[in-house]
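Written below as structure tokens is the structure these notes are about.
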Amino acid sequence: MSGIDRALFIGRFQPFHKGHLHALKWILSREAEVVVAVGSAQYSHSFKNPFTLGERLEMIATALKEEGLWERVILAAVPDTDGKHSLWVQTVVSLCPRFRRVYTNEPLTRLLFEEAGYEVVGIPFLEREVYEGTKIRRIIAEDAGWETFVPPAVARIIREIGGVKRLTELVKLESKGIDK
Amino acid sequence: MSGIDRALFIGRFQPFHKGHLHALKWILSREAEVVVAVGSAQYSHSFKNPFTLGERLEMIATALKEEGLWERVILAAVPDTDGKHSLWVQTVVSLCPRFRRVYTNEPLTRLLFEEAGYEVVGIPFLEREVYEGTKIRRIIAEDAGWETFVPPAVARIIREIGGVKRLTELVKLESKGIDK
Amino acid sequence: MSGIDRALFIGRFQPFHKGHLHALKWILSREAEVVVAVGSAQYSHSFKNPFTLGERLEMIATALKEEGLWERVILAAVPDTDGKHSLWVQTVVSLCPRFRRVYTNEPLTRLLFEEAGYEVVGIPFLEREVYEGTKIRRIIAEDAGWETFVPPAVARIIREIGGVKRLTELVKLESKGIDK
Amino acid sequence: MSGIDRALFIGRFQPFHKGHLHALKWILSREAEVVVAVGSAQYSHSFKNPFTLGERLEMIATALKEEGLWERVILAAVPDTDGKHSLWVQTVVSLCPRFRRVYTNEPLTRLLFEEAGYEVVGIPFLEREVYEGTKIRRIIAEDAGWETFVPPAVARIIREIGGVKRLTELVKLESKGIDK
Amino acid sequence: MSGIDRALFIGRFQPFHKGHLHALKWILSREAEVVVAVGSAQYSHSFKNPFTLGERLEMIATALKEEGLWERVILAAVPDTDGKHSLWVQTVVSLCPRFRRVYTNEPLTRLLFEEAGYEVVGIPFLEREVYEGTKIRRIIAEDAGWETFVPPAVARIIREIGGVKRLTELVKLESKGIDK
Amino acid sequence: MSGIDRALFIGRFQPFHKGHLHALKWILSREAEVVVAVGSAQYSHSFKNPFTLGERLEMIATALKEEGLWERVILAAVPDTDGKHSLWVQTVVSLCPRFRRVYTNEPLTRLLFEEAGYEVVGIPFLEREVYEGTKIRRIIAEDAGWETFVPPAVARIIREIGGVKRLTELVKLESKGIDK
């Protein structure tokens, strides 16, 4: 695997926002090719994970094509393993093109990949307090100027699929502690 | 969804060969964008499904980049639902970017999508008796001039991952009727 | 499906109480036939879901037979999909007789069925603060006059299966935050 | 459980035909109430299991209502456990109202329930060589006078859901040995 | 099963500490043979369940061999059933050698086995406030004299597999409420 | 892991017969300690896999204790992964104590462990045509002098659990091609 010139960038991308785009550009400045792996792939319709995998793949692919970054990216998807963490790294390996290095700021992802012998690199996120998933989902739910936080393609798709109404409902469920 | 200008092309791609490439070009001559969905995503290391999803995504992405077709494609993956066929179409919908039309020659896929109200289009495969997955896997197992049947990127990756040895072993298991 | 004169009434029915019976009668005053779908079908032996699906089916069937409502009802069961909400509506459709309209007060059920294009109708529950599942389960756990809250058949079955002792234990686990 | 006056009748009911109806009447001549448990609940769209659970529940409920047998029946459903046979009896017990006796001609069902200590009773099927699921499915696939083999309600529902076309396609897949 | 002279001792053993060893010796003073069943078998890499099943089996087996207790023990493992509690006792029965009596202080385990007709015996734990799993995991995370709480074999294995570093990371995730 | 002086011996052990015992003794003549891993752990009550995991663990543990081999063995269990072969080696690693070398004659097990970088050693089975699982199961089904093929403890347990009757029934199902 020594000759593989490809890195893994893993996240939930709920939704894919400008902080993610900034991070991806930084990784692409260091790596020839990047596997963007969409995590928690099986979940949707909760405040934490509002969008389906299909919706997230469409957002990311469309945004990266518009940004001219698509040529050096391969999209992949990885489900959560419901607490079976000892299988998670091998699950990622089975589902993704080969990679040599992992980019993540998520501590458990780091722990698991380091135990498996991988090099893990932290990401200098863009204005972390601004471009943060939970915050952006709340702003979408209120339909209050959220379009500036995401690439244009992502904003367009969220509009088309009724994502604002969905998040408005999900934030209500969240506040009542209801999870079906 | 009426405005969606995207089609679905679904297959197992074990491996992605020139017949698939030919079919994809034909679909791209009719559609603006194509979701290439890799089916039976969870299986590998059997004669029918020798390659992991990650290996197949790497083969397809690399081949399409070399062919200059990547810009109008989005890769996705769909697991088999183990006989729970009534959930399969919705599983595909959840895991893939939106699409308006389905291209397949697989009869059960056609039946399920037609029952769900989708337009399904058959594919004029290139020399079907030559470019056929089972046959190509047997030729790889014998390591007998198989490279001409697949795009150069696919041949390179099969070599790198030890795919010939793997298929040689799997064809032996197949012939003994052994499936672990 | 336009000719289907049947509605869906979905709930966990832990247990089936007089509020549910009241709601069902109201729905039957508007619909020719009702599918009573028992949700969270796979769970039992927790304070939130004390009774097995089999126990709940027996309670509901016996109560509806005694009430003379059985002739216009079909019982069905639906498991939770563990956060895979994008598959939930199709799961319900696969597991239940055809229906044209959905009766529920549960917000996520409403959201999911509305996104799938179904008409969803709210239910005027009987004295919601009295006939409320959590409250009734607590009263059963204390064995304090709970029989008046449920149909006679439900009370009889809860006694027969040792449901009071079970709830007494489960409420203790709940208060300690223990869930095996 | 000694006082329970209820029996279990388990089958796949693909579809529910006059042989099943005859068997149910015979069981009802001996038992006060019968749980009709629909097995292989999760499967559909194969030649062996063409109809979804929802379709089968609708067929059985509608037929039994028309026959005036509904009052003494409770419908339930049981999935296959994919070879985990040691959990199957307890799965049935969890998903069904309490029962004291099991009616079946299926040898593995008999073995498992007998090992668990249940009384198992064989069923005198009506003209077994005529009313046999596989044969009836083939006749439906050919659309050749199949209505006489099933209750009128079942025939009507099969027509409404496009069951003849579905079986025509599935029998073709069966003959090619294709199972997606 | 009346002649079976074997008991079940069930726990998560995260990790196997001197309190567990003390309890096992007490059970062995009353029983001819003991099945030590490792629960929550599928989980690892969380603060509540840091060690894999394999690591726990190795710790217990090595400790019991060094203690001279191995000859009268059989190790087994039982996964959680994710809220499907009605299947749990039968799952244990299927996965473990036959046993006649259950030793546990866990209330839900007691409830489930008692409903299934088993005799359940409480365990006089050694200085419960000292030998308590959560407390011992915190002390390991701080690497502060934890070796005295566990058998020497367990301490050695935790060192070898990097268990201190793992727990140090997991306690941080726990305190942030992060669970991947 | 370099210091680990332990090997893996993996099989289905349906049942554990004298060929397995012979093989284990041979492995123990070369290794300090052996993990005996019972494969296809979740299956039972089919002709290929008649005995539950619990029954197999009891047979193996009792036999090895009587043979005086228990002190150098650790029992473990591994489920099949239903065709997800790319996760199988890591599943074994997660569920078993650490091991350095794998003993097996099963070709797919060999392929998967070799691809993962393990040393795999073949086993010189005792009179392979005599001590072969399928053949021994047929002889048990006929109750024709099978006790000489298995260790005394195994024979005793098969008698106690009604294993002969079970196999007699299962061989009938097998011959009819019935698998529930």
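Per-chain residue numbering starts at 1, and chain names A, B, C, D, E and F are given in the order in which the chains are listed.
In this text, a contact is a pair of C-beta atoms (placed from the backbone, for glycine too) under 8 Å apart; a residue touches a chain by one contact, two chains touch by 3 or more.
Please read all numbers here as calculations on a predicted model, not as lab measurements.
Peer 1: If you tally the C-beta contacts, which comes out ahead, E-F or A-C?
Peer 2: E-F
Peer 1: Identify which chain pair among E-F, D-E or B-C reproduces the interface of A-B, meaning that over half of its contact pairs, matched by residue number, are the same.
Peer 2: E-F
Peer 1: Let me have the rounded angstrom distance from the C-alpha centre of subunit B over to the C-alpha centre of subunit E, please.
Peer 2: Distance between chain centres, rounded to whole Å: 46 Å.
Peer 1: If you average the Cα atoms of subunit B and of subunit F to get two centres, how far apart are those centres in Å?
Peer 2: Here the centre of subunit F sits 37 Å away from the centre of subunit B.
Peer 1: Provide the C-alpha centroid distance between subunit C and subunit D, rounded to the nearest whole angstrom.
Peer 2: One centre to the other, that is 25 Å.
Peer 1: Which parts of subunit F, given as residue numbers and ranges, touch two or more other chains?
Peer 2: Expected reply: 44, 52, 82, 84, 86, 93-94.
Peer 1: Can the chain contact pattern be summarised as a line, a ring, a star, a complete graph, or none of these (other)?
Peer 2: The chain contacts form none of line, ring, star or complete graph.
Peer 1: Every touching chain pair, please?
Peer 2: Contact pairs between chains: A-B, A-C, A-E, A-F, B-C, B-D, B-F, C-D, C-E, D-E, D-F, E-F.
Peer 1: Write out the stretch or stretches of subunit D touching subunit F in their complex.
Peer 2: Of all residues in subunit D, those touching subunit F are 80, 82-86, 88, 106-109, 111-112, 115.
Peer 1: Contact residues on subunit F for subunit D in the complex?
Peer 2: Touch list, subunit F to subunit D: 42-46, 49, 52, 82, 162, 166, 169-170, 172-173, 178-180.
Peer 1: Please output the residues of subunit F touching subunit A within their complex, sorted ascending.
Peer 2: Residue positions touching the partner: 84, 86-87, 89-91, 93-94.
Peer 1: Quick check on the complex: what are the subunit A residues that touch subunit B?
Peer 2: Listed in rising order, the residues are 41, 44, 52-55, 57-58, 61, 65, 70-71, 74-77, 93-98, 161.
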